[in-house]
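Both of the next two complexes hold chain A, though its partner changes from chain B to chain C.
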Partner chain A sequence: MANYQQTAGQGGLAFELRSLKPARGFVTVVISTLMLIVVCAIFAPSAISAGGLAGSLPFAAIIAIVGLGQMLVVQQGGFDLSLAGGVSLAVVITTHMSGGSDAQLFSSIAFALACAVVAGVVNGILVGVLRLNAIVATIGMNALLYGAVFAVSGGVPRITTPLMAQIAGGKTLGIPNSVLFALVIMLIVSFVLKKTVIGRRFEAIGANPAAAHAAGLKVQLYQAMAYVFAQLHYCVAGILISGITREPTAFQGDSLLLPSVAVVVLAGTSLLGGRGFPISTVIAAFFLNQLSQFALAVGVPFSAQTIIQALALVFGIGVYSLRWKQAATKRALKSKMEETDNV
Partner chain B sequence: MFKAKTMTAACAVATLTMGFAATTALAETPSWCGPNEASLALLDGFGGNSWRLVTTASGAEEAAKCPSITQYEYADGQGDTQKAISDINSMAARGINAMVVFGDAGPAVLPALTNAHRAGTIVVPYRVNVGGEAGVNYAKFIGSSFFEDGVSWGNWIKEILPEGGNLLFLSGPAGNSQGIDELAGMKSVLDAKYVFINPEPFAVTNWDPSLTQQVLSAEIAKNDKIDVIVSDFGPSLVGALPVFAEFGRSIPALATSDGNSLSCFWEQNKDANPDFKLFTVATGNDNVRLAVQWAVALATGGTPPTDEIFKAPVFENSVSGTPNPVTCRPDLPGSIYLSAEMADDAQAKAVGQ
Partner chain C sequence: MAKVAVMKLVETEPLNSAPEAAPTIRLSNITKVFSGVVALSDVSVDIHPGEVHAILGENGAGKSTLMNIISGVLQPESGVIEFNGEVISPMTPERAAALGVSVSYQHPAVLDDLSVLENLRVALPDRVFAAGNPAEIARAMLDDVGLHVPLNARADSLTVAQKHLLEIAKALATRPPVLILDEPTAALDQDATEMLFARIRSIVAQGTAVIYITHRLAELRQIAHRVTVLRDGQYAGGALVRDVTDDDLLAMIVGRSLASAFPPKSDDANPETNFIVNGLSGRKFHDINFAIGRGQIIGIAGVEGNGQSGVMRALAGLEPWKGDVRLKGVPLSAAEVKAKSAYMPSDRHEEGIIADLTVRENATFSALDQFSTLGILSRRKELGEVSRVFGSLSVKTPGLDTGILSLSGGNQQKVVMARALMSRPGFILADEPTQGVDVGARFEIYRILREVSQSGTPVIVNSSDAAELEGLCDVVIVMSRGRVAETLRGEDVTEGRIVAAAVKAQSHVAGVGEATKAAKSAASGLRQFIQSDNATVVPLAAVVVLLGLYVFGQNANYLSAFNISNILLLATALGFIALGQTVALLMGGIDLSVGPLAGFLVVVASFFINDGQSAQTIALGFALMFLAALAVGTINGCLIRFANFTPIAATLAMYIGLQGLSFVLRDGPGGYINFAVMDTIGWKLGPLPVAFLVLVVVALLAEYVLRKRRLGWQFRAVGSHEESARRMGIRVNLVIIGGYIAVSLFTALGAVMLMVQIGVGDPAQGVNYTLASITAVVLGGTSLRGGRGTFIGTVMGAVLLTEVLNAVSFLGLSQTYQYVFQGALILAAALIYSTARRQAGT
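Moving on, here comes the complex of A and B:
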């Protein structure tokens, strides 16, 4: 530390990191994931074996897709609690309406997508236009969607069609198809958000709606559209679940709400809105899924598994939400003042 | 066109069956059905899955055997404890004579049951232990012997694996009493040669097929040798078992509860998986029948049945073929239970397919 050069070097690095600020969330999530892989290799090699990954990656893909959907809403400072209903409705529509027959699979998928658009538009109008609280509006929508789930399925699970199982559960070049779906969706979302005018406006509105409004952007429209595209993500995730899980229940979306928010936070998207980090979100989904696989592979009791996941979430929020540097400076200042007081 | 014809045929068969059942009921009234007229209600804590739909339909079918039952009501708590409690209260207030209650919420519904009991209603909770005691809080509790299920599985495991081996036991939510009782049953017949490789007391799956799939793939990756998988909800494994193929391993022996989708899965995969043996106990839809018999007997002045606990019989055994070989009915929905007393077609109708 006494070495001036070293200090200068660190200062340089810090400067570089500052100039590459968008990468902060990315760096953190990549480092965490690499660390987790190392820990897995040492303590639970089965969690990163080819067979182990083949079993767990499809579920990481699902979390990634719902996470990307949730990210769009969080970018606009919102929250989408209708995720559970949206996913579950897509699952029951694809399994029940197709009635186990491949011939009707694509019409049922089209219907599921149409339902998702309707749900998204209603959410969007309630939150974006009528300015209802996002949590209240989407929790109501969730109840409505679950009503539809019961109307379609009666709560009864049904076996998926062979074609759907092949599409979502199959592999291409040794990679699970669901993972390919997640990667393609990630690329589309990244491209649209970062490289198109619409995407740049979307992020600008998320960062500061008032300024964006003053600049003449259609704030309400963009905010509403976030919910529509979020529902489409949930719908795709639900359709994939109906293929990955042979006999999915009618409540398959319930367990995805928390992970969807967790990956958005872990990826560094502010809960107050603003920039989105699609690639980091997908890596965070892999991280979160791998974390539970690690817990399962180590064989810790269920209670510990839950605690490990919760700690990961706290860690994620801790890294991004607290201003560590500011807090440290404050502390230093305070102790200095106390010292002066004592003297 | 074909579909319409099939539907008509199915309806005709169903009508005939029902007609036949009605005639039989009229011809010989069961001994538990007494002469006094009474009304009966079936109260479910949660009615939204195929197992519950078949169970509810079975309860209605059993009650229909007794001509003294003049009114039959059903209420679904929809997994909401408050609604389940208010259902019990409102049935009692309406003056229903007897109620059979699936108390999913456990002791939370006991005060409502006790009030109904004190108001003179015959209250018969079943399957889920609600606490309290018979005669004070309700008339009779008709439990199910999960311990017996564990014993049946344990005995079969000893038969196919006399030298001992590695067992993987999957059950529902963490700490559920069903899983703990089943484990106690298995441990009562299996000695230390049989090693449970799951975390104590069982691997938690919440009976959710998707979580089951994740748990199973982690366990397979971790353990090179799994000789028997024990699960108390067989059909939830159907999605997860193909994971073995990912590892190039045969699906091992399976001791579980029955379901049409599981039996059909065994049919389709037994040739490719030499170690895949299947043993099932009845999944217990008929537990409700025993509870209905007790409630009706007490309300109408009939003779109560001798059994107070429902013991799920062994249903399928792919090794010995007794009491039944594994039976797949590909023409019927996967979500029905061939072990249930209810006719297969009627079950298909009950689950809406």
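Moving on, here comes the complex of A and C:
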């Protein structure tokens, strides 16, 4: 037990450098995406042509936004099945309540956001405060949200206002607006998570709620807020869908649930909670969407695409779970050592 | 350790040690290293049959490591283990069990969700119960150790002491040739201890070799023949108990004078008081009073479980309390106490550190406000402060952004201290601050605590190590049964006085007696049922009937034979799939792939089970359905157990993949199912579909297996507490993979019913059954935490869910209500059950 004095103190610079080392998930996602782009360029140039991207990127943007929302919940060790209902409700509110008139658009958007907050708060209370299992609570909330979807729409699709189509479907400087929305949301989420007190505590609570509680943090509040902000993400995604898709159905959210979880996992966020990777999540959304485009372009039938997605998911989880396994065994070893002997 | 306690002993039964027989176990030159820290160094011990061999030593001396090496849980770096003269290499838990090594762990491997009887039966081999009525045999086992609790009481209603007795009963039951007892009396009172000693004497007389791990010198004279003393992982001495004096033993245990290593105490005879606790009461403690002067450290002592940790947690704001707490003369409200305190938890891995975060993040997460403006962090400020504090605490870390787990225990604890100090607390609570900390770092921690105290921040230390309190504290309060038994100051703060005060008051540990009564009253018929897993069946049945009658009142067609059979037929498909989901939830997992699997299997069937196909082809179709299910279950299970996927991740990937496969096989509805097959499966007895009766029979069978067969106990054991299940020798991987196969096979049965319902291979069908099955299981009352569940409740849940959805159309309500009812139902059920469980738990 010598040299106890040789400690921190020296070299803040070294620490700075070390901290710049990107997360392994980021590297994995970026390399996979680059490889996919190269493969596309060789075998299916149409999938990465300007025209092809303009058509597909808005959908990647939607997956990215719901993925960021799901990520917040997953960071708290939860799982949000009410995503489908949340997105669908936002879609039908913006299409039906506005009644096709631009004048009503913003009031209906405001109403959609208010509904999202209510749904998020109820989820948050059920999971954070009343300690219901996240899956059970969000299954219930999903059904309630779909009840609202039918109350608003009667289950029939409707066309949005021209203004919404212009906002969500338009382009600025050649980039689809929906992509800009996704990027702005990503920057906000990254900044809040990594550079603010709230975000850092949010990640700490997700990684070990018991330790955070013992240190006096308001664990329940943070856990509940994850659901509120997640619903806001879903709501924004739903509003954008109502502008991008010509005639969105009442079940628009259903097809987004699985991709949302897939991109979170592919980005390296552990389903057990903890650190989140917003930028990787957005890249993973692009990757997943591009994978479908590629499959489509080389003539894989639409039906087989989900199989490719499943394989990508298994591969992604496989890569990370090895890492989790290492961490888990390390932890188990330490705790065993602890329990067996107070060395 | 304590002379006073030793003096009290009157037990002087002549210890007629057996004549020198060949040792049962011989350990030679054992060395064990944990990530650089030597836990055992070149230790050799012989364990003889017909003897109680005590292993004595302080916390951290290496006692438990030695035990874990004998039981095969840990493998030594070097050294030889011999059993009856035969070299065993390597020793594994299975090998040890086969050789007849039985262990009673310090932390009992008792499964809370199982009953006392089930705990015994799942942990012990069948032969133990083969001789007669299992209940009577179990009763005799418990009587043997003086544990008087109802056999059908759930283990979570037992006190800590009772769980220890249960653990000991399990260890004794197999009549093992080698019995290891790790601190068995830590939670026991005088009577229970005497009873245990009597049992030990009788089995030793039959030739069993007993290894008795303790740090209480007092017990040694009562029970042990031979003693080996360990100190800091080294062999410090050994002797026959009758040949050695207490003073010799003490010298071996302590080995050196600790006094010099502690920082000097406060020399201020009459310091100004800066922290006062008056009449503090909480859940497990009453009327605690103490005052701390500037520069003083106050210690809390007592036998574990006498309210000490409750006091610490209350002062940390983690438990409710009443009373008066004053910091520097100012009374603090509950919120202020929480804000002003900095708590260093005793369980560092659970509550102290965040394993996935870096050293820096661990150090700062509660003090972030100081490095931020308007909530935005300054990295420079954060690094500066962390470097400064780490420097002053001599934290040894390879870098600020390395993972916390790469640090040694002592340095991890210093990071926890750094966090406590950085939050600029009003006072510091250190709960077992040196547990799991190596000797060198231990004294650094004492020095830091002393410096903090001198700078004017009150320091309160809870420790189970009386020597530590003697060296560190100026004032010590000794707690017993939730009250302050004695307050020691100045010269009186000695290890001996502390132990004497704790033990004197210790004539009767609260708990054993009371709890026996509580558990007994709980056993009385009705209450027992209410607390059982099947309690939900009655209210569910009532709701099903009442709802049926209400809708019947609105629309007479509702209870027509046609509609009843329609509901039951629909419920059968859901019911089978939900039975499968119940298995997954019982194991503490979940299976999201059941819905797509059911749909996929119907698509598979639609290629074979058609009109005009031969009987062989149809049979082949059914066989393929079940084979495919078998494959899916195996893949799910293997992904979860061997590739380390979470159940959600594995079954989600399977969900997506199966959906894709269905669409690959058919891009739209097609392949009409054979009418004769559909007719046969849909056969009815009056309004009752036979298939539904089959579902009920299957559920009852599954319920029987779950309650009465080893397989069922194993499922629940794994879901209840995986680590304990493993220690009991359950092959966890096998059970869980088998479980996921069972989920898929149940789903295949559901798919057969689904096939009859839709009559065609449609790749879009089935997906909804994932959420519906979870809803049905939750309605039925199975807990998503694992370990508790009911198949009968699941069937009721499936019926209720189907009934509600069906009722909506009969009541002429819109689709909105179908969703709203479904959502409200699952949330209401989940809230009611979780509240009920919480109440039963308290």
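Points to keep in mind about this one:
Just so we're on the same page, the second predicted complex is superposed on the first by the 299 of 343 C-alpha atoms of A that agree within 3 Å, B and C clash if a C-alpha of one lies under 4 Å from a C-alpha of the other, contacts with A are read in each partner's own complex, and residues count from 1 in each chain.
To be clear about the criterion, a residue touches a chain if its C-beta (ideal position, glycine included) is under 8 Å from a C-beta of that chain, and two chains touch if they have at least 3 such contacts.
None of the values given here were measured: they were computed from a predicted structure.
In the superposition on chain A, contact is made by A:54 with chain B only, not with chain C.
In the superposition on chain A, A:301 makes contact with both chain B and chain C.
The partner of chain A that touches more of its residues, comparing chain B with chain C, is C. In the superposed pair of complexes, A:293 makes contact with chain B only, with no contact to chain C.
In the superposition on chain A, A:69 makes contact with neither chain B nor chain C. Contacts of A:155 after superposition on the shared chain: both chain B and chain C are touched. When both complexes are overlaid on chain A, the residue A:136 reaches chain C alone and has no touch with chain B.
In the superposition on chain A, contact of A:276 is made with neither chain B nor chain C.
For the contact definition in use here, the residues of chain A common to its chain B contact set and its chain C contact set are 150, 154-155, 301-303.
Across the complex, chain B is touched by residues 44, 46-47, 49, 51-52, 54-56, 59, 150, 154-159, 241, 244-250, 252, 255, 292-293, 296-297, 299-303 of chain A. Within the complex, the chain C residues that touch chain A are 34-35, 37, 39, 59-60, 62-65, 67-68, 73-74, 107, 233, 316-318, 338-339, 341, 343, 345, 348-357, 360-361, 364-366, 368-369, 372, 375-377, 383-384, 386-388, 390-391, 394-397, 399-402, 405, 409, 419, 423, 435-441, 444, 590, 639, 643-646, 648-650, 652-657, 659-661, 663-664, 667, 763, 771, 774-775, 778, 784-785, 814-820, 822-827, 830-831, 834.
Across the interface of their complex, chain C is touched by residues 1, 3-9, 12, 14-16, 18-19, 79, 81, 126, 130-133, 135-137, 139-151, 154-155, 195-198, 200-201, 203-204, 207-208, 210-217, 258, 261-262, 265, 270-272, 274-275, 301-311, 313-314, 317-318, 321-322, 324-325, 327-328, 330-331, 333-343 of chain A. Chain B meets chain A in the complex at residues 47-50, 53, 174, 198-200, 204, 208-211, 213-222, 235-236, 238-239, 242-243, 246-247, 261, 333-335, 351-353.
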